[in-house]
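Both of the next two complexes hold chain A, though its partner changes from chain B to chain C.
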Partner chain A sequence: MIPDSRTLIAAAIAAVLAGPAMAQDDSIKMGALATLEGAFTVLGEDSMRGVKLALEEFKYTAGGKKIELITGSSDASPDSAIRATRKLVEQDGVQVLVGPLSGSEGLAVKDYAKTKPNVTFLNGSSAAQDTTLREPAENFFRFGTEGAQWMAGLGEYVYNEKGYRSIAVLAEDYSFPYTQVFGFLEPFCRLGGKAPADARFWVPIGNKDYSSVIAALPDDVDAIYVALGGADAVNFLTQYEQAGGDLPLVGGSITVDQTVLGSKGRTRDFVIGTPSAGPISDTWDDARWQKFVEAYKAQFPDGFPSPSLFAHAYYINTKAALLALNEVGGDLSDGGKKYRAVLSGLSFETPTGMVKLDERRNAVADIFLTEVSEGPDGNLLNKTIKVIPSVSQTLGVSYDEFLKYGPVSRENPKCG
Partner chain B sequence: MRRFIERHTFWAIMILIVAGIFLWMIFAVWPDWLISAIGRKKTFVNTFLNGLTLAGLYFLVASGFTLVFGLMRNVNLAHGSMYLLGAYIGYEAAEASGNWFVGLGAAFIAIAFAGILLQVLVFRRMEGDDLRQTLVTIGVSIVAADLMLAIWSGTTYQFAPPEWLFGAAELPIISTIRSSGKEVFLKYPIYRLAVLAVAIAVGIALWLFLNRTRIGMMIRAGVNDRDMLAATGVNVQVVFAMVFAIGAGLAGFAGVIGGTALSIAPGEDIRYLLASLVVVIVGGMGSVPGAAIGALLIGLAEQFGLAYFPTYGVVLTFLIMVVVLAVRPQGIMGSS
Partner chain C sequence: MANISLIAGKGVLPNIHPAAAITVLFLLFYPAFASDFFVFQIGAYSLVLGTIALSLVMLAGYGGMVSLSQLTVAGLAGYLMAILGHNSVGVMGLGWPWWLTALTAIFAASVFSALIGAISVRTEGIYTIMITLAIAVAFFYFVRQNYVIFNGFTGYAGVVPPTLFGIYWRDPTPFYYLSLAVAAFFFFMVVYGARSTFGLSLQAIRDNPRRMRAIGYDVTLHRIFAYFLSGLIAGTAGVLMVWFNGRISPGSVGVDVVIDILVIAVVGGMRHPIGPFVGALAFVLLENFAIDLIDRERFNTVIGTAFLLVVLFSPDGLLGLWARIRERLRLRKHPQSDGSGVH
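On to the complex of A and B.
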């Protein structure tokens, strides 16, 4: 088929229109990117609730300008995240972007951010270590903490309080679970715990059938550390129960989170008592958290019984973006230089306490040690056991000292 | 069978030996050298059973797919959506009535009806235009996926099967013998055994239907030459609609079965579409026994891969596909 001149003209006009549209003076385009497809869909949906919660709080205005929200979707794979990010930045022309959701997506978006120095990127909930630890991007900010920080205190807790000495590991095979396993095992192994490499199982994201992995789990360990998310975690928990599994579990931050505990179907009573740690705790009785939960419930009656850590992370990052916009009076005309300087120094009150950034623009915040328990109306909730104050990305040691631990991977720490 | 043994004596002996070793591995108590070589018996036998039951599930989905293709030369890429829609409808029906079997029946009937609608409203309008039909099914599947996401959101759903299907059963297979001399028997989830039984029952029923009934005869005739079938006075459109109803209904039925064994969430449609595509490519397009063989190969490969080398397990599935395409492009049971 040969296009006639009319289609050619139409195509040319379309191409011009689709180019980076200049934002009008009285509005700022803000992008939000989360996984609205694939195994992590439900996580992405709650993330968007977090973004809207923050925007609603600011009545969709910041620095005297209207905020125009444009959403993008990925499926937890780095290439889909880059595709969606490019669309938001290069076609829609967003100046501030909040996202992505998943660990390896974050690594990819950070690298992309380096090629767009005039756009400001705020992380969603992606929590891989190297997004900010090694070769960070000047214009990428993470106001939510990351996977290894989220595990603060859990390794010590299961070693000292639960008395576990050897642990099998089951996790998805990408950067975020590596970070979580590292954060959990590092203190656990330093105390003398064991997690040999042949008792670590790495499965692809979106795996449905865990029965063979369950069969391969060793019998001679004290517990299983599970770092799976979304539908993957639901599948594993049900199949583990069906197979008559009786080892106690230790949960990664998103494994016994509301995105899993709030799923439809048989209630998973056997996870009651599972210890975990993360950036939020459902039952924390602090007034700031309670207010956040009330606002979430009021705005999203069809949401979870309590906001998940994804809603929380996206809320915090969106709120940081809006607070800084207020401070610069909505002025991004210098390519956002002033705006990013404000963001770097920003410290503010979140539903889970004060948050501030370190020199690599990663958050320092409080972490919660939790345990799954049954709520008043039969919902499963994460009960607060302990709050660990001001956890930094380097987990208390100096930056140079921390780099010696090596990058997170399937075998780090060895712990044989 | 006898012809096969006479013509390929060497291969027949090999197959017998392999089968013998397999049976021994399942029922015997493993000596220490075998355990140190490939791990515990529990892992092996469980993985084998998992492979079988997963194959059952794949067969349920893929048999409808291959049936439709065999008759209509129509690659229905919306088959995965039928699976997922069936699962959701089944879930709603089971929740409303409190009976899992009602959900199972509702899924079959509703999706069979949806299949008829698809055939009558869409495919009949572009008959004989295979490429266009295929492209339209892709469109249908994309629209359906977003509609389902809008209605049922991204939350993971799980069925509550009847109490007697839940939990684990002890199999008469010895896993190990403890130092005290006590035998430890293998435990296996009852529900997954039920999946296997249902798949075998459906397979036999399909075989009987296709080979022993008048309608089955018409369908087989249609597979061979649909113009000739039409010329003999059979209303081909009715046969088409019926096959489509059965094929789609089986996908909906499998949605409830699979949603109970695993779970239902957005993205499952693509997963099962891909699984059925691989299964029918390996087994041979249009052949129901081929679907069974393909499902068995893919199910076992997936599970053994997951248990013994989880990181690279996925490769095994596609390796099988590559080998089949290289050696026998029409599939194991396919006719060229």
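On to the complex of A and C.
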């Protein structure tokens, strides 16, 4: 019987090795890549809700063709993002890919995109600056904005309205917080604010003990700018409150979001009044946003109370992909050339206002300035203070002028 | 199995098992019929991971020393490729020619491995595991926090193999053959080395270090030299690993990846140097395709369960499982068979 089983195995192997099955004419394969494992799993799951929300809205059809969704997972490391991307593109044969989630992953996928000119890549929620600013890939699009854009208006607000002149910085040590710190400090320092290098603290993702950082915080600053995410933010806020800290806070885009505000304890009272900025605002009373929240709640009763910025970013990028597919009638036969031309010129209405792309295929969109406040039922919410319209990646100056600011890093801007 | 013994009896090369011949032919002609994805991401990646795990199997199987820092050794070689050679990040990148970079990286990794050995060989069993795990964790945190040399969290990108003889060695087929050549070289070195004087004394030390010491062997030196040799294997695989990924960052040498190497070695089987390659293939296939088998939120459970089942039903991995199945078949067909000897 052994030769028979060997033949069977050989046949099975041959069938598997035969490479990606060709997409049928009446369907289009779309890949979605997010962090479904590792520290950002919860965020990755909400991202997938965003993708499904958009697909559901289009009934899984675009341009007269059925959309077949294939999901991939990474663990927020660039290596794993590339492996998952390569599998989706080279094995599953997706023609359109939405993702990834995290900053450094985006930089890696952009580099990979350059080697696959016939596949169209749309960013998920990864928000590092150089994914689109320096050496962009022709086939990589970002309809969600990035970390520096998300900070638009916050630097001016705390300088002018809150009257802060000197600020300490506490952030995680990788590309996304660098981008956020840059976006916040650039206008703040231009107005005359100070954030000396020895008052900037960089901690690894997943840091648990902030006592040494808290002990080293200078007394002569007016506030602390905190760009930490998820559990890191909760840990810091709890420990800072317990240590008797009383400096006011300024929050990064994911520092005072629903995952942090929903936590129990006295931290609650402590964060009320913290200004922040980002691509969404939980309580924006605009009909488009309310409709989006209702749809999210109806489709995902097990999701967050309100969609996170990850669901929002994946939703927008998936929707852009589908709208452009409609426009070209689902025709990707030219390696997607026509499709990408349509995407480049695409401008559409999102739950947070109109979005369009700049010449490096990065979004120009509205940003929300918010402040933590207590809602009518005792829950903490981000109250919308101001909508900053049409924020571009170069923050209002020309591209060449903006490049002179230099790449984001721990020391940029100097601002001593 | 009668036909097989018949073929082997008549064969020109009587010592080569037909299964081995088929495997060699399959590996050689694999790129001819497999897609680029299968050649590169499944084939070449399995060979690279298998080679790293081979360095662990050599230490653990023949020397009785389970080291969790094999990936760290490979990672150091990978980092040195980026630091001494070229990268696209703009930090370090001293621009040495590729062959000098590769040789230095491999040699430095071997010396590093020998140092790890010098620290850990006086311990046994779980203490060796603890020390080598501590070294792996320390290395991970060090590269993550050191910006001057290792470029911190971001690490390095744009580390690519050279173009030689008009071939770009990162293209799927050339890279596959490169990995195959390296893997085959070290595989036969380990098979051969196990029968050499050094290999035999290493196995004797594994079985009874006290007696070997009494006979006059320098047990510590033998073990440290074994670490040096395993560093050669891991370091070379580390060079291939960084060429495969094109980048290296602290995530590439994190604790989860360190454990992956142990999983590959254990699941494959530690009794023969082919084990780590079988384990690596199983690992890479599951890592890539488990997400297609089941709900995306549960696919890591499938991977874990598969490995758990293998270890539960066969403590000596897939190799042991295969040996057991073969024994069953043989016993059924030839009840008189003594069923001895797996290898």
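Basically, the second predicted complex is superposed on the first by the 393 of 416 C-alpha atoms of A that agree within 3 Å, B and C clash if a C-alpha of one lies under 4 Å from a C-alpha of the other, contacts with A are read in each partner's own complex, and residues count from 1 in each chain.
Assume contacts are C-beta pairs under 8 Å (C-beta built on N, C-alpha and C of every residue); 3 or more make two chains touch, one makes a residue touch a chain.
Because the structure is predicted, anything quoted here is derived from the model rather than measured.
If you put the two complexes together on chain A, you find that chain B and chain C bump into each other.
Once the two complexes are overlaid on the shared chain, A:91 sits against chain C while remaining clear of chain B. Look at A:175: by the touch rule set out above, it reaches chain C but stays clear of chain B. When the shared chain is aligned, chain B comes close enough to touch A:213, but chain C does not.
By the document's definition of touching, neither partner reaches A:333: not chain B, not chain C. Residue contacts after overlaying the shared chain place A:39 against chain B, while chain C stays out of touching range.
By the touch criterion defined above, A:83 reaches chain C but does not reach chain B.
Once the two complexes are laid over each other on the shared chain, residue contacts for A:299 go to neither chain B nor chain C.
Once the two complexes are overlaid on the shared chain, A:347 sits clear of chain B and of chain C alike. By the document's definition of touching, both partners, chain B and chain C, reach A:204. None of the stretches 6-14, 240-248 or 312-320 of chain B clash with chain C in the superposition except 312-320. Of the residues of chain A, those at positions 36-37, 45, 75, 173, 204 touch chain B in one of the two structures and chain C in the other. Listed in rising order, the residues of chain A touching chain B in the complex are 36-39, 41-45, 75, 173, 201-204, 206-209, 211-216, 230-231, 234-235, 238-239, 242-244, 260, 262-266, 302. Interface residues of chain C facing chain A in the complex, by the touch rule stated above, are 1, 3, 33-38, 40-41, 141, 144-145, 147, 152-155, 157-158, 245-247, 249, 251-252, 254, 256, 287-288, 291, 296-297, 299-300, 329. Interface of chain A with chain C (complex): residues 2-3, 14, 16-20, 36-37, 45, 48, 71-73, 75-80, 82-83, 86-87, 90-91, 104, 107-108, 111, 173-175, 204-205, 410.
Those residues of chain B whose C-beta lies close enough to touch chain A in the complex are 39, 42-43, 46-47, 50-51, 53-54, 91, 149, 153-160, 166-168, 187-189, 191-192, 262-263, 265-268, 271, 302-304, 306-308, 310-311, 314.
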